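In what follows, structures are represented as structure tokens.
What follows is chain A paired twice: with chain B in the first complex and chain C in the second.
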Partner chain A sequence: MKIRAVAFNTFKEAIRDRVLYLLLFFAAASLIFSRILALLTVGDKTKIIMDAGLASISLFGVLMAILMGTGLVYKEIDKKTVYTLLSKPINRLQFLLGKFFGLMTTLFIMLGVMSLIFIIILLLHSGQITWKFFVSIAFIYLELGLITSVALLFSCFSTPILSSIFSLSFYLIGHLSWGIETLIKKMKPGVTKFLTQVVYTLLPDLENFNFKTEVVHNLPIPPKIFLFSFFYGIIYTFFILVLSMLVFRRRDFI
Partner chain B sequence: MSEAKVLEIKDLHKSFKSGFLGKKIKILKGISLEVKQGEIFGYLGPNGAGKTSTLKCILGLIFPDKGRINIFGFDHLSTKAKQKIGFLPENPYFYDYLTASEFLNFYNQLFQKQKTENIDDLLKLVGIEKSGNTQLRKFSKGMLQRLALAQTLLNDPELVLLDEPLGGLDPIGRKEIRDIILKLKQKGKTVFLSSHILQDIEMICDRVAVLVNGEVINQGRLEDLVSQEILFTEMTVSQINPRELEKFGKTLTQYGNRSLIKIYDPDKVQEILQIIDEKKGKVHSLVPRTQTLEDIFVGMVKQK
Partner chain C sequence: MGLKLITDQIPREKVPGASIIYIPSGKYLKYASFGYSTLLADLVYIWSIQYFSNTSVPERFQYLTHVYSIISELDPQYLDPYQVGALIAIYDAREFDTAMEILSQGLKKNPEQWIFPWQAGHYAQMILKDYELAKKYYKKAMEIPGAPPITKRLYSNAIYELGDYETAWKNWLEIYKNTDDERVKKIASNHLYRTKAAMDIQKIKHALKKYKDKFGQFPEKLDSLVSQGFLDGIPQDLDGQDYVYDRETGEITTAVIPWKR
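After this line comes the complex of A and B, so read on.
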């Protein structure tokens, strides 16, 4: 009940924020642009629309998660609203979870709106859509959950600007870390390989959530990869939320 | 009045690290105090004495280095304790995108026993019933202070913690809030009032604790702290030469035919009145000055 109350308030704050609509506007423009891009390209136009469209949805979803997530806790402390809120019978874990689920609800709706715009564009062009599209969107949502938890973690101890830089770095590292995996395969066994393996394990691999290629080229999605990506997302998000709680649990609001 | 302890603070210490080298600054240095049921307890101290830090410790917004805080016998961080308290911060900041009703509804959901019907009554009690559907970003400072008081009383708290509740209010607003605090006392509620405005404390508090540099240097009943002994008497007279009265005191000012005379010995006042009567003089005012909380407070702070 208390988590729901904080979540609903966070949702209200987000949907009354102009930044959200600005991002949504650019997301819509970018989706429409994917249709124009298809006209200018030689090859399968549907694939171009799919590729550019899903990339836009993912990118703007991440921007929404970072720009709003990094202010989630910081704003409450900066504006001192946390003083009266935490003087009520609500503990810090409930507060953090409320903030997280509030933004996740907002992102769910925003992702829904962006997907709807995309589906309309796609149906107008080719008249068909596969179930894999929805799988891809579901995994984008799972990735947004992880990004939101990371933004929330940084928001617990840092300013929105720094938190945005950190979260964006996490996102970029997460999408480039697969290169380390390739490197490990080519390395000879030894200490260096072991250390590289450790670094790779610690760094996020957000490519686990990327099913765009399978959707665009209509490739099969092996259930093993599907399940691994799902649990990877859930466990990683849970781990970051626990870390946020540890940071926030004993924080003094001076 | 029952003597049950509502708030008990024992040996509370708090320090903060400051600067690049993390030098420790002690904010609270072993505070101990008890607040009993049904009283208005004044927590008095100059700016930076540690009043707000004490309140933040009570509410779990900062964590003490050492010490114990109990509210109604429960640990101060427990939900049971928090169900029974209401807190008014010094400069209330709220969610400016919410309306007053939305805001109170939100906070109401954080309590076990929710009283939705309460919200309209509370808005009426604090005098902003017409602004229930106005976004808080359009509220003036005074209106925000009133809304802050409404959220404090949302759960019908047994212990009300007020941090500078009369700051930023006009004289009428101050009187209204003072009346609400006195009404709370009549209803048997306990009020912990932190302030540096002595008049507020003197007018409404039963007991006070004086805090200077993070230490409680004195506490007790107001009448025990403030002596009722007359320090001097001020008298405004006319139609009499003030020189005739100078052996009893000192002429402070003269305006027109009126003189303001300060008399140090209270036993001489009767004698002076007789002389004025004999000389056909006129007494316009006679004000005996007893010790005030301000005198005590200034003395204590200077001593410290």
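After this line comes the complex of A and C, so read on.
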């Protein structure tokens, strides 16, 4: 109940944020531009539209998660409204989870709007859409959940600018960590290889949520990938939220 | 706005095609794409179409293989660039080896795609007139499931052009017997006519040469070849008609053009 109340208020606050609509506008423009970009190619135009469209939804979704998420807790602390909130019978965990779910609800709606625009563009162009498209969107949402939890973590102890930089770095590292896997395969067995493997295991691998290639080329997706990627996302998000809780619990607001 | 319009009209020296120097290796570009490698491949491909169509860029084909290998690294399953890259290499750059390199890369990354060896065979046949090479590529295409039936016909035609009439006849007969399509049956029938004619004409010409070597001139009629023991019998075409013999030149031709039967 309390988590729901905080979530609802967070949602109401987030949905009124002008930054969100600015990003939504650029996302819509980007999606429409994909249709124009397709005119410049020789060959499969649908591929260009799919690539540009999915990339826009993913990129603008991440920007929304980072820009909104990094201010979630910080704003409450900065405006001192956190004192009022925590003086009520609500514990810090409920407060954090409420913030998290409130932003996730906002992102769900934004993702829904972007996806709807994209579906309309696709249907007007080719008249067909596969189930893999919806799977890709679902995993983009899962990735946004993880990014939001990271933004929330940094928001608990850092300023919005630094939190944005850290969250963006997390996102970039998450999409580069597959390169470490390639490096490990080429390394000789030893301490260095072991340490690199430890680092690789700890670092996030956001490529697990990236099914854009499979959607665009209509490639088969092994069912195991869905299950393991889903649980990886959920567990990693949970882990980051627990970290946020530990940080926030020890936070002194003076 | 007025300042912008004025600035736009000031001529500035540009080096055509200078943007090529900003294109790094595909392998490193994939790392820098942060999960958007397929979109990056699309953008590089669209850019390449504009770049290679710009006739004012000198030696623009110098980096043809490099640019298309970048796209291949970023998105190996993107099929259009391999085909368009090969097309540019053949028709604009006139570099057959580059076209084959691009198509081979496409086949290596997409072994289930028959189109790449098929296209290579097509270029070998139509541009180079290298039927040995065309035969090799068409055979490769035939081995890939999903290759269209015309591949076997092109393969058989390449064998005919190489002068292996026995194998060509066997292939065309197989095509004729295994199809229910009347149009394909007609095509196969015409090729069988042409192949038999080639075999028969080869046999008759061989006998005519032996006759001329012995008697110093070509015979009055082809029957003389039989009576003199150079041939067991005078072959007829697939429709049972006699071949046309020119006594002056010793040339043998079919009574009808195969495609107009």
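The rule is simple: the second predicted complex is superposed on the first by the 254 of 254 C-alpha atoms of A that agree within 3 Å, B and C clash if a C-alpha of one lies under 4 Å from a C-alpha of the other, contacts with A are read in each partner's own complex, and residues count from 1 in each chain.
In this text, a residue touches a chain if its C-beta (ideal position, glycine included) is under 8 Å from a C-beta of that chain, and two chains touch if they have at least 3 such contacts.
As the structure is a prediction and not an experimental result, all values here were calculated from the model.
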First, second, both or neither for A:Val135, with chain B first and chain C second: neither
Touched partner set for A:Ile180, first chain B, second chain C, both or neither: neither
Chain B versus chain C as contact partner of A:Ala55, first or second or both or neither: second
Touched partner set for A:Met1, first chain B, second chain C, both or neither: first
Partner chain(s) touched by A:Leu93 [first = chain B, second = chain C, both, neither]: neither
Which superposed partner A:Ile221 touches (first chain B, second chain C, both, neither): neither
Shared contact residues on chain A - chain B and chain C: none
Complex contact set, residues of chain A against chain B: 1-2, 4-5, 8-9, 12-13, 16-17, 79-91, 250, 252-254
For the chain B and chain A complex, residues of the former touching the latter: 16, 56, 59-63, 79, 82-83, 85, 87, 89, 91-95, 97-98, 102, 106-107, 109-112, 148, 151, 155, 161
Interface residues, chain A side, partner chain C - complex: 37, 40-44, 47-48, 51-52, 55, 58-59, 171-172, 175-176, 179, 206-207, 210, 212-213, 216-217, 219
In the complex, chain C residues that touch chain A: 31, 34-39, 41-42, 45-46, 49-50, 75, 77-81, 83-84
